[in-house]
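The following blocks contain the structures, represented as structure tokens.
Two complexes follow with chain A in common, the first pairing it with chain B and the second with chain C.
Right after this comes the complex of A and B.
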């Protein structure tokens, strides 16, 4: 019984790590490789989550849909919609400098959150969307297996593997080399005749689609989403900490960072649960404070992260 | 018509608050070359500093305001010296990440110390004056008055003092300022003093207009950035025009769209300016 509980918790824990690993991989393509500062991760995450939720839930009078479509359709549409939003944002911002892009992305994320909160016909507002199905929950003969965290984890791991291998291939390809070159020396790449704006836009859109996929998986894992789940604290900031801690520019680092920071983050929950009961309401703030301090320490002490970008091929 | 004039009053009040925040963001950008994402939460901290003096010591708000400004200036120096200063040698974008983390850190600290409930400086109803059917609260006059005085004082500082001159020089051209013998570290410290103090003032005035809560400053960070960019980032006089423009435009917009989308209006204007006039609407300091 005891062991069963531990395994169950482990599966639950790793599922979250997997979802965050996807976000972190998406950010690594944008920031780690191309040097695009996206702090609107929460926006693309939310678009993915809501799209898949609306597409796959049973029909409901409280929000658009649901259309009861299979999960795979939900995941694909989540990526498509997150990608479309990214195209819009990208076309507007692709020429802007880093600071402006940062401000623009955080603005988009906040507007998406406002829309999710206020457009009740679309999203049921703050009351959220319940009853989002798990993978294989509807498969005949699957029984209770469809509800198990183990099956979910297998789906997530499979998707991470696909995304990881694709990103690694992209990183080594001429396309990935151009992205890194843009990050290092924009003028040089322009002089070499490359269409910088197009490469940037491609990286931004693909990265955002991966974030949308992460959002969709999040929705199917927790089963209920509301605008509260997509605050900058949890959906954007933690991902940044993960990528920086793991090593930006390195896809392995992105995944490792997700694992370690999620471990730290759940560890802080454990720590604060030992605090005296009168501080229970403050526990969330205390956890954020600890993570906030952690990121400053990482930036000061080990800015390249645990697994720095492999630079051998350049030097 | 009366409705629009009423919204215009709200806009001027909101604009006065935004201006104080935008001057700091613009100044910090001009001298340190990064967008300071913790500025909104610096405003929040300043507002809560004033609450200490009002609630614990019983000072009136016009004494608590300068006290909070001093407190926030000291905090800004502390943050700069303990964290930002060490990151300054690396790329400015690292400072951006760090300040984003600092924003969360400050907000978490506020929640931890003061809790998450809404609070006010002075309970009770602020009975409005009614002039030609337009309602103006006494607090509104305090907000606009304080903002005008602070902006004017800042203008005198920039124009009349050696430090003000050094700041303008560094904002124009860092390297040139350095070789001409300006002590850049001292200028940086003064940048944080002014940025932090004005942020605190903006926070106190915003809390006076609405309520104190840990999200207070974060919620207006976007309009503050919009004001900075509309005014031309790095140009402090532009920030005044930008603050008023964004403040009035967002309030007037509520005549036609849901008030919940106010931040979206500021953002849309900002994006339009970025696309059409990337160097800002008005010519300013540089």
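Right after this comes the complex of A and C.
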């Protein structure tokens, strides 16, 4: 492969890592810090993707909108809508134990996927939404630069940096301390007079908004979305693997996990592509199996992940 | 800072855990609550501290009805409790366990955590200073940076007491503070409770099975059996109370102690 091709693939690869890093950071706030078992990541991811797609694409007879709004508006509204869905789910589940949150979120994610698939006026159903613009695609004078993966990657990296710094500040603050304490022992936090429901709801909503942002960036990166992109394997299961492998409770670990697991995931695609044609379908399932085995190995060898939560003195 | 329990009844399914219980915790006392296992002591604590609602009856705190208020509301009024099994935050340091507790921290708002960092830091420094005092008071200074999950059972009990010291509480409910604490730590615990009563004017209500500890620490002592209050008074009177002794040891050995 030529050098240009390698660089191009690298940019493409890292852009995906960046999108997954955002999902993993969102999950780290919910699970890593607060102990909330959200297995409906795909739902918030999809809400973000579709919101930004509908808001920013050119008007189309096939789905709601598009409204042709600037990308920034799309990203903000994606976060707002993902946040609103999280408020609804959160208000329903905030008093329940985390096992029930798991059931509720997986249900909501599937409902969202089915709505996206069936409400054609809204989403164009299974035919999906094409022509979702790249960042700066419309900027005068940008030319082909607006279509380059490099520019996209820069936008993603900048957003990850902002999210990472905001989450780190939150984690080290008294707010984050209450979240970690809720994870450790709910009764103890209640006995210290804290309004647990408020903290839980805030963590859940902020985490889901970050997932919504990840979804929006995904839509703008691939340019075309359909309900197929939001299945639990890719949008929920992989994110969990990333966070567990990277180190639950550690924001750096969440990003590192996204990088490493995406490397393994795409690596297995390369391996299975070498399988004889008659085994291609099985090979797809084999990839998920390999990731599953990898999680087992990580949990046995490094149960706290590659970068465990920092538990020493923080100041 | 008195608590008055009036005619509290609580049933769980067919089991009556408390039947028309009435008692008063007078201000400035260390009131002991004793009774055999299953007498309803912890249930009573749970009701007073807002974890359960009673079926009937009233709880008054300083003359105001507080029946059925949730734990965090009661906490704001100055009632704080500890647990029989310590509820420490295992994967957080002992210092963090204490720093969590003070009410009304600015930095507990996410907006403040992001945008008023200087104010939050200043408050954190004040709280940290208070934590050092509490750690010194309880002889836990050397383990301040350790994870709370690694403490011994007795140290966890001290930490529970320490958490009550991080509040502005006036009424402290201690559920078996002495259980699982070795002799030397126990002496320390007794001293800490007495000092808190003298220096800070705390009122204590203590559930305890260690009768020597109760005798040293508590006056008055209230004896409960099968969901009812049997007797109250000085420990020596309770010891010679025939009904209480029978409830504890059965008829045959009545008068044993």
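Definition applied: the second predicted complex is superposed on the first by the 312 of 315 C-alpha atoms of A that agree within 3 Å, B and C clash if a C-alpha of one lies under 4 Å from a C-alpha of the other, contacts with A are read in each partner's own complex, and residues count from 1 in each chain.
Keep in mind that, in the parts below, contacts are C-beta pairs under 8 Å (C-beta built on N, C-alpha and C of every residue); 3 or more make two chains touch, one makes a residue touch a chain.
Fair warning: this is a prediction, and the values are worked out from it, not measured in the lab.
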First, second, both or neither for A:170, with chain B first and chain C second: second
First, second, both or neither for A:150, with chain B first and chain C second: neither
Partner chain in contact with A:291 - chain B first, chain C second, else both or neither: first
Which superposed partner A:223 touches (first chain B, second chain C, both, neither): neither
Dominant toucher of chain A (residue count), chain B or chain C: B
Partner chain in contact with A:125 - chain B first, chain C second, else both or neither: neither
First, second, both or neither for A:106, with chain B first and chain C second: first
Touching partner for A:195 - first (chain B), second (chain C), both, neither: second
Partner chain B, residues of chain A touching it in the complex: 35, 37, 39, 92-93, 96, 98-100, 102-104, 106-108, 110-111, 114, 117-118, 233, 237, 240-241, 244, 281-282, 284-289, 291-293, 295-296, 299-300, 303
Sites on chain B touched by chain A in the complex: 29, 34-35, 37, 83, 86-87, 90, 93-94, 96-98, 100-102, 104-105, 107-109, 111-112, 115-116, 222, 225, 229, 233, 258, 260-261, 263-264, 267, 270-271, 274-275, 278
Residue ranges of chain A touching chain C (in the complex, touch as defined): 166, 169-170, 173-178, 180-181, 184-185, 187-195, 199, 202, 206, 309, 311-313, 315
Parts of chain C lying in touch with chain A, wherever the complex brings them together: 49, 71-72, 75-76, 80-83, 87-93, 95-97, 99-101, 103, 105-110, 112-114, 117, 120, 124, 128, 145, 147, 163, 167
